[in-house]
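Take a look at the structures listed below.
Two complexes, one shared chain (chain A), two partners (chain B, chain C).
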Partner chain A sequence: MKNRGGSILQGYAFAFYGFVYLPILLMGLFSLNSSNLIAFPLTGFTFNWYVQIFNDGRIFKGLLTTMAVAIPVTLITTVLGSMAALVLTRYQFRLKPLFAALLVLPFFVPKLIFAIAQVTFLNDIGMDKGLITVWISQSLIILPFVTIIIASVLYKIDKSLEEAAEDLGARPWQKFRRITLPLMKNGILAAAFISFVLSNAEYTVSFFTSGRVQPLSVLVASDFRFHLSPSLNALAMLIVLFNICIIIASEWLRRRKVHQ
Partner chain B sequence: MSSDNSPTSSHLLEARGILKDYDTFRAVHAVYFDIPHNCFVTILGPSGCGKTTILRMIGGFESITAGSIHLEGVPIMDVMPYDRPINTVFQNYALFPHLRVEDNVAFGLKMRRMKKTEIRSRVNDALESVRMASLARRYPSQLSGGQQQRVALARAFVNEPKLLLLDEPLGALDLKMRRHMQVELKDLQKRLALSFLYVTHDQEEAFALSDIIIVMNSGRIEQIGTPVNIYHAPENTYVADFIGGANLLEGRLTEFDSSARRGHLETEIGTVEAACSGSVKPDEPASLCFRAEEIGVDTGIGGDISFKALVSHIIFQGSSKLVEVHTGKHKLIAKLDHDVPVTVGEPIKLAVAKAKLRIVHGSPVVAKEIH
Partner chain C sequence: MKLTGIEAKRRRTALVLTAPNVLFVLAFCVLPLGVLFSYSFFQVDFVSILREPTFDNYNRIIHSETYRGLILKALIYGLGVAVLCGVIAYPLALFIAKRVNIYKSALLTLLLIPLYTGDLIRIFAWRVVLGAEGVLNSLLMWLGLIDEPIWFLLFSPFATTVVLTYNYLPFMLFPLWAAIEALDDSYMEAAMDLGSRDLGVFFRIILPLSGPGLVAGFLMVFVLVVGDYLTPQLMGGSSGVTVTSAIHDMFGAAFDWPTGSALAWLLLSSMALFVACVVYGFYRSPWGRGIRKQDK
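Up next is the complex of A and B:
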């Protein structure tokens, strides 16, 4: 019985990973296939689609827009997320459960509804769609992730270290600057990387709030609908590889001890 | 007790009726004690007795619900931890993992904006005195438990506090290391001519180190005294039992002279006349107290009180043996020489010198077992 259960679990695991990774592998395969059609049989090996991407000015502009979104969003969410995480882990107050609940609530609001609400609200207060509106709406979506990552690092910091700092004469700011901040540094960096990746990959909210400044995600989505080409596979592969590198770097940072 | 707000005595620290409530739980009941200058004071008690809470209140990490703490006559209840001239050695050392040994030790001096050259020489002296100067460039994770312990000590006393608080600092070390560090600690305290307030649940450690021991139990102070005083003149059955497990026989006080502090106690082994501890009161429970090593085999010499008992257990201890005996409803433990003939199940005639007997407050806490 146990054996059968085991093999069912094993099959399930293979199926799961298959559904996740086979499409990406296929994408990688077609990005190197010389045919115009994204379909079997394979016709030959080429790097042309990649060359095409690097020569496409529109894509390059989209990439610049993506950076113009991701870098400020990363900064905003990391700073605000650090502050929220500090409040969550270091202060006791009556409304703390409410504070924590409101912080993670965006997780549970469907993105489409969130995006439409954002657009309506930003319109009502007279803000034109553009970079700033994307910064605001993306930051709101990403902030809970960042806060939770940083809070998880803060929870693990031994409270007696901060008490020891106080005991040795450190005032609240000195305590933060000399002890808490260095100890949470890796967590902040890890959260920043994740924030950057999430911002790059964000589509729904960006689509609604970006207006004419289209980041790569919005650009790629519209291309998939209107001019499907294997060069999009190449672009997608580049994005996937880039994000994987960033995630690996962030995990490495998060797990790294403050000092080994 | 005096609740005077301007103490005039020469004590370093005076705790007056300090009390700590957590929601509905009272962790510390209004306790009073003093810490003299240049003195090793230990708070001794089982876990959860409130001893660490007291330490944290003095360090400034817990607010006090009521009462007052004066340091050199100045109230410090509203002084933040970083402004108190008190330093702490934490239970888990709490060394800063991202700073080298020398920077850990320099931390307090840097906070006080001392000159760099001065910091360097002071840090070096402090590390010398705990024999850690050669490892100054290491990080805490590269040190053994005993070495971390020494750095934590140096980091605290380099600031020249008026009082050093130590929260079970040897708890994480193995037995051999602990013995070694006990000697070093005592040595250091004498050399620095500084008062230590030490918290432990280990009575042997408390005896080895302390000038004064404060025995605590469930948020209350049971007795304050020198180790000798605590061992030979326990106030009540709790202290008598907690410290070295004295023999206790419940009795009824038939006569009591409150000025001479002597009384007559009616017990299973007869009515005895003995000195009473300060807390003994007529019409309150009282017990007869004597140590296992104070019992001998009855030789018929006067000045002793003798009694018959039934041997129930013998534990060989080399030059001596612990013998568990029953007298009616009480179980007693006698420490006898190894060559005294004793047989399990046989009656034996034992004796205690009358001068060694003491009447203490309370009933025996629990049935005693040979340890």
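Up next is the complex of A and C:
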């Protein structure tokens, strides 16, 4: 009885992961197909679509803008996220639920409404759209993810180590610098990776707050709204492969045990 | 004396760590939402915004069948997709939590990859699959199963629902998995020892005890689907007019920020009201017993 239930569940899990990965695999398949049309039957193997992407100056420029957005966003969110995660896991105070709610608020406000709120706000304070406005708005949305990742590592750290440091007379800063920080280092790094990936992928909010500096996601979205092409397949596939590497590295870091 | 000194220092550290985050979110999220709220009382005068407070925008929207219908449609989509996600995700969450040991972290990581890859690429992949001249249609025609493309695959409520479900499944899976994972196996064993069968164990032990995870996932998916803007736009075709796209239009071509702001705030309030009702209902229901006990 138990085994039959188990194998049904196992089959279901296979089907589920098939459903999740099938679109991505098909996209990969057609990025290597020589035909202009994204349709069966397959016509032959080619790397041309990838070559096209690498030779596209516009894409390269968009990629540079994406980096100019993603790197500062990663820095802002990992610093703020580390502070927030420390508060959530190490301190008790009455308004803590409110603090947690405030942190996740930008994630739960619909992205479009968040974006137009930014638009009205920037209009009222008379600030031009540009890199800084994208940094701020993206950081707000990504901060909850980063905080949760770092907090998940902090929860697992044995608190007695920090208590021992306190008992032995370490000042708060010493305790943080020599005990907590080394132990949470992997969590911070894992969160930074994810922050970088999320910043690359962000579209809706960047679209409204970027003005004339257009990151890759904004550039490409206007392309594929009107037509699909195998070279867009190739670009999407490159981004997916890059993300897979970063996410696996991040998860490995997050779950790893720290050895002293 | 010494202890209170340490306590005061601890409080100071907590404040130093809390303040930057609180200020950041207040200044750049709460304040902009407040500004948006203030706009909902303004009026448009040709090409400029007239800052004289009025309830006209709200009145007009509440009395317009179109806008009411759009908000209702968003809520129905949210509800439907959240239920669909729950049904699809539950068996997998159970599988990962209770039947897998070695590959657990690998299976969870595999779920994170599409989540972090972003909605734009996920939607793009689905358009490749579902298009009229797309992969699925051409495959079926090539195999001779159909004679002409199935048109409703893309640019239809069907396509929107498939992709919304696909997009937000992880937000149902992770809370569910966490809830089932935390479930003590001895409850199940005790039920088995007392003569309960698989289905009995599931309906009387696992399902009620995973209630909080199910509700958390349900609300997350609901909120995200109601607020989704890209998916209906890019997958729904002519059926893709949603309350979010209407708001977008008012901030774009139509230049009617006040009406757009009022519509946005009405959407936010109806979402919040629904979430509050579900949370209260759950808290009062027999399934909320676990949470009520913790509070005491």
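Going forward, the second predicted complex is superposed on the first by the 238 of 260 C-alpha atoms of A that agree within 3 Å, B and C clash if a C-alpha of one lies under 4 Å from a C-alpha of the other, contacts with A are read in each partner's own complex, and residues count from 1 in each chain.
Following the convention adopted for this analysis, contacts are C-beta pairs under 8 Å (C-beta built on N, C-alpha and C of every residue); 3 or more make two chains touch, one makes a residue touch a chain.
These numbers come from a predicted model, not from an experiment.
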| task | Return first, second, both or neither, reflecting whether A:113 touches chain B, chain C, both chains, or no partner chain. | result | second
When the two structures are overlaid on chain A, which partner does A:160 contact: first (chain B), second (chain C), both, or neither?
first
Between chain B and chain C, more residues of chain A are touched by C
Practice item. Identify the partner contact of A:168: answer first if only chain B is touched, second if only chain C is, both if each is, neither if none is. Key: first
Next item on the list: Identify the partner contact of A:183: answer first if only chain B is touched, second if only chain C is, both if each is, neither if none is.
Entry: first
Chain A residues where the chain B and chain C footprints coincide none
Per the touch rule, the chain C residues reaching chain A in their complex are 9-10, 13-14, 17-18, 20-22, 24-26, 28-33, 35-36, 39, 88, 91-92, 94-96, 99, 105, 107-114, 116-122, 124-129, 131, 133-135, 137-139, 141-142, 166, 169, 197-198, 223-224, 226-230, 234, 244, 247-248, 251, 257, 260-261, 264, 267-268
Within their complex, chain B touches chain A through residues 59-61, 80-83, 86-88, 90-92, 94-98, 107-108, 111-112, 139-141, 155-156, 159
Residue set of chain A touching chain C in the complex reads 1-2, 5-6, 9-10, 12-13, 16-17, 19-24, 26-27, 30, 37-41, 80, 83-84, 86-87, 91, 93, 99, 102-103, 105-106, 108-114, 116-121, 124, 136-137, 139-140, 143, 172, 194, 197-198, 200-204, 217, 220-221, 224-225, 228, 232-233, 236, 239-240, 243-244, 247-248, 251, 255
Within the complex, chain B is touched by chain A residues 158, 160-161, 163-171, 174, 178-179, 182-183, 257-260
